[in-house]
């Protein structure tokens, strides 16, 4: 039988679980909680990123209380026998399943003081929340009718521990960005170390040491050289990822399970956030980092059972902003314009703008950088799989029919 | 029999062809050269974007003579019966084939004064050129050994004519961008109207009128609201695209055939540039623009026979630049880092950096915006289909083997 | 939470489980053990077909003791609210998972007196057994090295209960076939009712009634109008199947979980046989049988996440037998010849004939009827997904390399 | 430029073309008409199988005049440099295109004395004919409304020449089959050598020799060890096929272009029959036949651009005949039952039985042998891609709507 090396009891908070098997910061001195052999198959249970803060209900009241400082609750670190700095750690995600005790997930636009609305946060300032129920491989939501799709389940985070030098480098460059921001804007530029709600695994048994490390341990919000919160939807069942090793044992961490997600995860709390169980196998490629030139970020090889969604209604976006101003080859802005067009299109069928935004964030939409050399415009595309709708979403001569009425994600307090 | 409404004789220059069936600028007053009925199936022949300037040889000498002012040579305009401003024009690309008289294509890094090296132009300053030979559905190059792939053939440009108002708007916003640039940098920010080598179709029969229009007609370099040079590789055989109609008849133009292209078309002259023949059918959705909210850019629905490349070795890129500076959620920079990692990886197998760059530009690589809300990093991925290599390109414990030697795209004058 | 309506405790025999939730014969008078509502999502646990007779070991001794009379152990019957004769029952297989207590499966050639070797039983007369270990979504076997593949998990059996009239019809036509066989051959032509080891669910609480019903209840070996043992590998996760309803409540039964299987399931005990858990939703289409003309056998719609195996090394088979005799459009014989060619091919790489046969039976190979009108030959194809091998299985100028040595499924008693 | 080694002028009959580049019988002594080098890319033009006998009209009158003795008109033989008996000839079908002078095709049920109705010929005794118009990659028919599909274009026939010994063997075994048939039935069992309308290429320049060879040259109707009329729809663009070599030069023949076809090609003249152009490359694997055990029939590897039809409404068929008689594991009968169920289903939507039969024969339906060991029933499936219909073809609670009316393939003489 495959052994489960880390268990998540969803009726308890992660920081209260014995064993100190969870953490939410990166630091080279967080000790591994367990060691695995190469080629050993093992299971790891994971909380949702928030450690269980979302209620499965029909109002947004709870979002006002969420504390993002606890994110992301990660399982590990896991030491891999034989891994040393300079190696590559190959992590094979043999399977990923939703946690049996949480057969549902959530996608949310958060209140501004709780994190806000993500990519289009300037336009979506009120909280909204959609609960998704899992029907086997499918997700559907009572808050967004008319759609059902296969979950491309994946961990938002697969990461190795940083070295001391790398951690210092992260803190240097992110501090510089914060410090270069206009007054009062720095905190929205990056997430610097934060002692509040920091969980450092076994270190927490030594409060003095923990207090010191909390001030320098890296937040898990951004993806970095060690992998981390890349939020890649295609890192799904059967995938292999190649991560750099910076410390002895590699110290692998996993978490932030997404039952599904659209490219970009635009709503911030934007995937279908849930708890889950990952089956893993690891291998060490000795001296792989220099042999393969791996340094900026990981490589991966998606698995063979992504859903067969091959036909996408696709929106083009250019880098001309809403005021008609031309920008220079800005793919971020071009993506924004594609998302805006998709939202407007969906509202023609009766969806509210919040429903459309949450849907595009959670459904396996595909976004490609189509062209990046045709100055001054970049072209970015956003494709929605047409098969996920109960009705025909393609344009035709009759015009759109309002298919969805009288239902919306709750956008005001109860 | 399907009628060919526009013919391209590759032994002649497009501007010398009788009928004035070609143009290379957008202007509402360029008259249609032919009218088609809705649901009529017709064929359109297209030159390569340059009108035949590239030599099928093994040196880069010709690139020093290319004149980009002639780009893109487009076939049309084609009036569609019944199309009026405010409608949507549905264009179905029933088939796309390479031109029988040009069974080859080219991908190039141009000399700086001739356009330069595209997305990584700061790093690729010397010209290089790869000639691709078509073997049926496949492309292979004597300048980039070890790879062969199925062409995802598509027109870089499918466009309707702009209205007077839209043309003015383009000139306003692009002029503002140019004028806001530092001294001497404006010309690299956008391509403003240029009389040199302008072709205006039937207008050219009236030199006085042509001279006036050349000064305001829009260049075809960037994609815009009317479609245009979106360079979307998935707009391949069997696709449908929905374009806004701004003038009576819609005045459809087609051209810039790519036998294949990677997402981004990074090398500028970066697809496998060639001539071709498109089989087309059109339909008008009356008042479609307001009914479906189409205004920023077109929508499309890819066809059902893209190649079955489903497994991609994928590189992640973050928005930390080569100097270690942290940028804020910059997907363009993140894409750059993914491309740099892919180039470095390919060189481990023996490819030169130029070969790697041209390959990534021409092969159907896929680039996704993976995450855009994980401040301060964006994560963009670049996936290379593993099946296109003659050898195993995946990392393994043995390290990369140098599979490719002693061959490279010519990077110096003869 | 989704309720589990039938539980399988693998440490017990199915006939010993309280609740009488299992049965292994079809009869209209076996009462339903539970009722579900339409659109209700529920889970059903299933034993392997044999109720746990296979040992996870490295010898074939146990196969001499297996008793096929117990097959197939089915979960149910399950009554669906509102279903009546003449309706169609739509069964959606929302998810299918291997049972957590049986993370392995088996494929076997049985001893002749225990069932024999299936489709090529005349050539494979000695028992052989391969144990497959599940690594997440993948199956691999210590008895068949060099291959690993994604399991196309499915229930071999999804069935409704027959009416009295249909049961009588089955017994009539199958008896006729047995009776028309030459002396002593009848028992190999069909499996007529058999009291030995019959399990009739709740009926077993009334031994007198059970004894009577055992003599007429239909065996579950063949697929019939009610679905049953169709062994369709593509009836996997996310599929919908439309079954005829013959009795009030439809009385749905499920079982015979296959972690994977090749088209044909050629080795008889030929899939990767295992236990599992199915998540189900049902719907009733009133009067569907006549509305849609459903009578001969079910229809189904495969799910959207079959593996991406799109490239198959494919063998053609014709209906000329091994003695060179020409048969007339016989697809069964043509399939046999394709299988023989595939086995011979695989032995060139070092596999034993038994390994090849078990592999082709368990791996998701695809068999198509290519042509059936080109008298006198039929052409049937057998395609093996090339990606499942650790090595290159395609023919090339160098000839096959022996990649697999010194390992084989145990083919003799310990 | 790729050279076209054999040209087909569709305005002429194949036997009237200079060069004697066509033949319609197999015989080792038909000399090659051209030689190619290994790895050379070349094009071959092909007539439709009948050499142009079908009229593009709306009645069946012409079918009464067709003479099947001329089938199949093949292009070649083509000698490959270096190929010798015992080698394998690898033939790569780099591209396949419909002939520009025949942008349409035909599917027909023939009058009984002209060949009949194929697989269900006992039920379809009156002629019917559907003309398909090609719209780029798509086929649609004015005789079968409501459907349009991507053509899986392929040559029905790719064959090498037989040796003297092999030819004798074919004649022996097929004569035996004919002779073993009941009185008067032999001619429907196989197609023995037939001088009438035989074309033997360059041999025809020597009438005496031709007359002798016509009596022993094999018909091209059935597939055999040398490949031949396997009618495999997936042998489409980009495929590789490995053929045995029996004579010096291999003497490759190609023809019987199908714009599309369903598994089985059930209606006899059942694909979308047309003319076409194939781009080919060959390679010789020395001594490949023994190295790889190739003897019964060819192997192949389908290309990478089959259409993305991944969702199929699938009918199961069992080997119980229409009279309720149980047969023993008869996949041919099981396939028949699946076809009958599909036809009945389609008539519920308004199609005539003839339309349904022709559609199932021409559309890329998929037929799998699902199970072959569940005595006494075999289970064969027939899947129809749902995307090819203009309307929703899946069953639902509302019952089928009659979508197609007042149109049918002409089934009576004008």
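Letters A, B, C and D name the chains as they come in the text, with residue numbers starting at 1 for each one.
By our rule, a residue touches a chain if its C-beta (ideal position, glycine included) is under 8 Å from a C-beta of that chain, and two chains touch if they have at least 3 such contacts.
Keep in mind that this is a model prediction, so the values were computed, not measured.
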Fitting chain A to chain D on CA atoms, where both chains share a sequence, rotation angle to nearest 5 degrees
180
What is the chain whose Cα centroid lies farthest from the Cα centroid of chain B?
C
Are the interface residues of chain A and chain B largely the same numbers on each copy, more than half shared, or largely different?
same
Can you check how far apart chain B and chain C are, centre to centre, with Cα atoms defining each centre and the answer in Å?
51
Could you put a whole-Å number on the gap between the CA centroids of chain C and chain D?
32
Pull out every residue in chain A that's touching 2 or more other chains.
304, 306, 308, 310-311, 387
Going by the contact rule set out above, which residues of chain A touch chain C in the complex?
1-2, 41, 93-95, 97, 103, 135-138, 150, 237-238, 279, 281, 303-309, 387
Contact set on chain A toward chain B in their complex
88, 90, 118-119, 169, 173-174, 176-177, 188-191, 221-225, 229-234, 242, 263-268, 270, 283, 285-288, 291-302, 304, 306, 310-318, 320, 324-332, 335, 337-338, 340-341, 344-345, 347-348, 366-381, 383, 386, 394-397, 399-400
